[in-house]
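Look at the two complexes coming up: chain A is in both, with chain B in one and chain C in the other.
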Partner chain A sequence: MISNIVPEDARYLSSTQYRLWSFTPADLQALRTTTNQFAADRVREAVRRAREARALSSADVSDADPESKSRGASALPEGEVDCLTVEEELKLITYFCRQTLQLGDHLNLPTDATAVQYIKRFYTTNSLMTYAPDTILRTALFFATKTENHYFRLSKFAEAIANTKPEDVLASEFLLTQGLRFTFDVRHPFRALEGAVMEMGAMAQGAVPYNESAGSQPQDMSRRVKIAHGVARDRLKTSALLTDVYFHFTPSQIMMASLLLADEELIHWYIASKFGTEDPMAQKILIVLSDCAGMLQTIEPVAAGPTTERKAISALAKKLKKCRNPEKIDLVALQKVKREGDGVEDEKVIKKRKMEREKVAREADELFGPGLTTG
Partner chain B sequence: MSRLKSQSTALTDDPLNDICPVCKSNRYLNPTLQFLINPECYHKMCSTCVDRIFTSGPASCPVVGCGKTLRKKGFHKAFFADLKIERECDIRKRVGAVFNRREDEFESLSSWNDYLEMVEGLIFDLVEGTMKEKAKAEETLRAHRAANAKEIEDNKRAGLEAKDVELQREREEKEAVRQRRLAILREQEEDKLDVEKERREMLERLARGDGDANAITKHAQKVILKKSSARRNLAESNFADTANGSAPSNLSIRGLKKKVAPKAELAYDPFGGLDLKPARYTLQSSYENEWLDNAKNNTLHMAGGYSMNEYYSRTMFEAFSGLGIFIGDQVVEKSLPAAPATIGTVGAAEAAGGRLRQEMNTDDVF
Partner chain C sequence: MAVSPLIVPGSGERGPHSKSKLSAASSGNGTPSTTLGSNSLKDVAEQMNEEEKDKYVKGKKVGEGTYANVYIGHHKSDPSNLVAIKKIKVQQEYKEGMAPDAIRELKHLQELSHPNIISLLSVFSSKDQNLNLVLEYLPLGDLEVLIKDIENIHYGAADIKAWMGMLSRAIWFCHENFVLHRDIKPNNLLIAADGEIKLADFGLARSFADPYRVMTSNVITRWYRPPELLFGAKHYSGAVDIWSVGLVFAELVIRNPYLPGDTEIDQIAKICAGIGTPTEENWAGVSKLPEYTVPSPTTPVHGPEHYLGMFGTAGPDGVDLLMKMLILDPRRRITAREVLEHRWWRGEPRATRNEDLPKKGPGSGLSRLGATESKRPGMVEGVARRLDFGA
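For the complex of A and B:
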């Protein structure tokens, strides 16, 4: 089957979306389970460490820093840590992806679809318990404006979102790129939809020849194409982004499946007009499309989540708060420590560098520039 | 020339090299001073001394404590400044003339190596050995020469023959190159003459004034072009013939690898063999799309070089790119070693498999 691969498919096979971010459902499930277990183990370990530290500091009350103590106390839950399961994590991720879409709408960003995919990709190998979704969400949204070439000033971005400073957005930026395995290309089905709709429109007007064995065109085709276009676009904007179809299907298949949900007869005819009715490839594609459509149907194409779930989500959010990894809560501080070192023994180095800088600046002001000898 | 040479040696060498140890004459006084040695004892003396002492027949070496009987015939100029090396080379020549077996006379490589080692040991004894060792080695050499006189003679002849063949081949090659160059020159000459003739004819026809001037010149140019291209083709086919024909003639050289013509290099393909021609759709020159109407009619939009065709080709490509890829299948197929797909086979299988899991074990950025 692979030997007679067509050029379009060959080009998709070379994309990172295919090479690194395509999974079978079983593989994806296994990956998420491992991620979840690793994260849960780490959370338990970190909480144990934090408790030991607190026990030590409460033993000598005299020099305990009141601020850190109160923060640590509030962050640390009592008793055995109750970690999120894979399903719970998935529900929360879907919720936060919806949030991302809403935030993107609010900021009028056309790149929120990419941001959602970044979040989904990031949380295949990282857990919500390790890195808080609300920070990752902002970073992903901002980062998507960069990768999709839609410039947005960071300070404006931070201003537009409540309680956000530029540092918060940037702190997890490298973390995110690492989670994405440094592949920023997301192949969306949106442009593909335009292509298919344009071609079907042209077919309806008789401008494009097609395989006659598929039978005559569906009745009233151009109107039906227009309607299907709108319905499919709504599907792609919500269901396609919030389900896992990007991991399991190619953009072309996702697009076709969303059209299939809109107008089944039309798409059956379209596929037949491309491949002929008897072609085994066409049969296989139709099976895959119905799989994909089934997956798309699990989430309704509306912007807001179902009201019935709201309670469950807030309960999960509370649970998440209790099982956060206490060592990874303050990403900004971690980032600062990483960038500037621990600060104690490095002070000498910093001072030395400063002296050197000043010396160079002084010498550069002299008539003939700095001396030729270095070091 | 010799003057220059001697001066330069006088500048670089130490002063002892400039004084004859026998007559003490100096290069400063006699710039043409030349030193000779005799391989009997390797004592250096100037050519004047050699003439003076040995013209009247064999005499003993004038160097104190040597006393070997030397003849004038044996004197020659040293090739190496270091006489030790000169002597070793002479000994090697002498031993090599006796022990002149070739590798293909031996059954195995190790026996050939043993033989070489034996010869080398003998040479070492002759060069560096004590009196006794030297005498013994000399004795072996003599015995070997006496015992194998015939074989040595045969080998010597074979070696000479091989050298002859080699020389012959070199000569032939040179000759062939010369002939080829001549042929090319001749051809170029002919070309030039041809073109000249054509041009003269055209001028004559123009002068006679029959027919349209433009037509004549155009026709003449066409003729010239046709002829030159025909000639080029002929030359290429000739060249190919000679290349094929010359192969079986050099049979005398053994162990040469058969020559394989290098594969013609393909033109550089920036897409690494990816075919860019669509297979599932034919791109139309224009599609109807209400979103695009504005852009199509807006000069502000189009002035920057926005191309509708780019948009069409991209959307159509994305509509069908990957339609026939079934991710479950492909991941399974990738694990088969014989899968012929070369593109992107590494990633997804790995991503689905162990690598990601290992990555999770490594600590994150913070």
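For the complex of A and C:
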């Protein structure tokens, strides 16, 4: 029976993180391109529809309801719609993932790492132009508290974030789970890091035997392990979450790459202590690790984004506002229709929500998205 | 969502064009290949969902409960290939969005693939946003049905060994993957057409907690709940499941629940009487658990002779294994791995082959499948199925 025990690698291969959420860079790029082009087509179609509807209703002079004329019209961009490119979407997604981490910090939620992966996964098959990132990020953060057993009352959650009502958080929950393809388990590299650090610590104490051909231990190993631990952990909490490494590498590779960036000599020795210096496997591993490290280095391990990007992000945010799909803006109303299964909506409810939305939009104009980090 | 009547000219041409793009995008590492449906107005995510949904045909309802309805269904491409479709109801009274049981079940079944754990074949949403879990079709009821049907079902030590073997492998696999099931009991052990036992209902399951993180002690149906949970422990391990496995073992032998407490207090009393009173002597630290209270006078822990008298059918090795599963101190209780290494499996009698195991007729099994998969026995037995997520 024990011979049936599956090696750890085989078990990772059966995880949804590998089966559904691992891509080659080319595949991921292709998927994002498809998603982006679809969304752009749909935005243009929706805008055209809305314009036609507006033209129709303004032509109809007998229409006594001024509300129906103005509804939605204010959101319509003029002229040809200028849509976001894949690269622009990615920049914005990174920005919003940072916001998520800051909000998670603010609310003291250890589940923000999972939420960020949810957002990144969601936007491989959905576009920012269709579903607003500031909405999705709240939903992802709340949903992650549920999937990670970190209970947070919805009403308290909504209260803690400016301009947020429970219904806003829930309206896109189903969309999120669908975008996640109903897979909620995210495998993080954090536990792996603790394991490696404990083992290296024990090696430094001489408590663990290792391959002698690795040579003598790096100088001052105990202290270096401690330092590398902290540096690597910072990297895992920032760069690892914000780059695409989760889509391309296993948690242990990400963990080792973050250690490699922290103390190259230490990690070279650590790998040699496992394989010796002659084993070609060690070389193979190092190649993968340096690929992963290269990707990690594209985003600095700091909480806030570089100030030099602020202007560009702000411009992209403005651009996004002008290419939002007008049919997908009021998710709460859309959700109501879906759940209740008919298209008959209460005009008063729509009007009320529209006014609320416009109020929020007015308040949110400094950068965009209401001040997420201030409760 | 409905197709708008205002499809602009040209949108029709986009279909096949996009189709090739999307197909190209699906990667070779197991991501199901996706081809575009007729409706190019749907999001990529929506199209993927449609594609899953289109693989199955939903048939008649076979079970109804407050949490879910169960339907029989089949693969569209092969009508003889049956599935069970568990449609989770939107819980209007639950105001926090998608309900905990649905999230837990999805999260864990998506990851666990093992012959003795019910297979989740697919998940899709219908247009009313109800979740549909496509599960393997298990027509032969559950272990509780077999245990209770003393009139018609006769079984012996070799059969018990076969069923216990399958249950033990299932729970070993859960723990090996850092998942606690937290609701093991005979009616969560379903039986496949070929006699294979399948652990089902992961609505209370969770991943092992990080050190120092607390978990709720309000899990596991009372009769199968271990003493540490009854005493309110907030940090616990796979040992909680092993206790339940031990009580399933005992129940298989005597064909009655071994410790059927009426209340939590009564449950503790039954444990003290049936196994022995947890004390500092047999379980260091137990008196510090938040809700530790035991009736006096105390009962010493029973020795093998007590168990041999009651569970002798299982043989001395079987009794030894049973006693190790029911050790009061969770730190000394046998682990799932050690269970599999126990000598009982290798001794006589050999476990019955699946095809020779006693079975219920498929007719009576059908309704059972529905009932088991949809009812919420935890409510009846006093487990909070809607436990908070801080669990």
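Everything that follows uses one rule, which is that the second predicted complex is superposed on the first by the 325 of 375 C-alpha atoms of A that agree within 3 Å, B and C clash if a C-alpha of one lies under 4 Å from a C-alpha of the other, contacts with A are read in each partner's own complex, and residues count from 1 in each chain.
By our rule, contacts are C-beta pairs under 8 Å (C-beta built on N, C-alpha and C of every residue); 3 or more make two chains touch, one makes a residue touch a chain.
Just so we're clear, the structure is a prediction, and the values are computed from it rather than from any experiment.
After overlaying the two complexes on the shared chain, residue contacts for A:Tyr118 are found with neither chain B nor chain C. In the superposition on chain A, contact of A:Phe184 is made with chain C only, not with chain B. When both complexes are overlaid on chain A, the residue A:Phe249 reaches chain B alone and has no touch with chain C. Of the two partner chains placed by superposition, only chain B is touched by A:Met281; chain C is not. Of the two partner chains, chain C is the only one touched by A:Phe143; chain B is not. By the touch criterion stated above, A:Asp41 is placed in contact with chain C alone, chain B being left untouched. When both complexes are overlaid on chain A, the residue A:Tyr151 reaches chain C alone and has no touch with chain B. With both structures placed on the common chain, the touch criterion links A:Asp27 to chain B and to chain C. Of the two partner chains, neither chain B nor chain C is touched by A:Phe96. Residues common to the contacts of chain A with chain B and with chain C across the two structures: 1-2, 5-6, 11, 14-16, 18-20, 22-24, 27, 31, 34-35, 38, 125-126, 130, 174-175, 178, 191, 338. On the chain B side of its complex with chain A, the touching residues are 274-282, 284, 287-289, 291, 312, 314-331, 333, 339-341, 343-344, 346-348, 351-352, 356-357, 359-361, 364-366. Residues 1-2, 5-6, 11, 14-16, 18-20, 22-24, 27-28, 30-31, 33-35, 37-39, 41-42, 45, 48-49, 52-53, 122, 125-126, 130, 142-143, 145-147, 149-154, 166, 169-170, 173-175, 177-179, 181-185, 191, 338-339, 341, 343 of chain A touch chain C in their complex. Contact residues on chain C toward chain A in their complex (touch as defined above): 1-2, 4, 6-8, 11, 14, 18, 21-22, 24-31, 40-41, 43-46, 48-49, 90, 95-98, 100, 103, 106-108, 110-111, 113, 123, 125, 127-129, 131, 169, 176-177, 206-207, 209-210, 215, 340-341, 345, 388-391.
Chain A contributes residues 1-3, 5-16, 18-24, 27, 31, 34-35, 38, 124-126, 130, 174-175, 178, 187, 189, 191-199, 201-202, 205, 207-209, 248-253, 255-256, 274, 281, 284-285, 288, 328, 331, 334-335, 338 to its touches with chain B in the complex.
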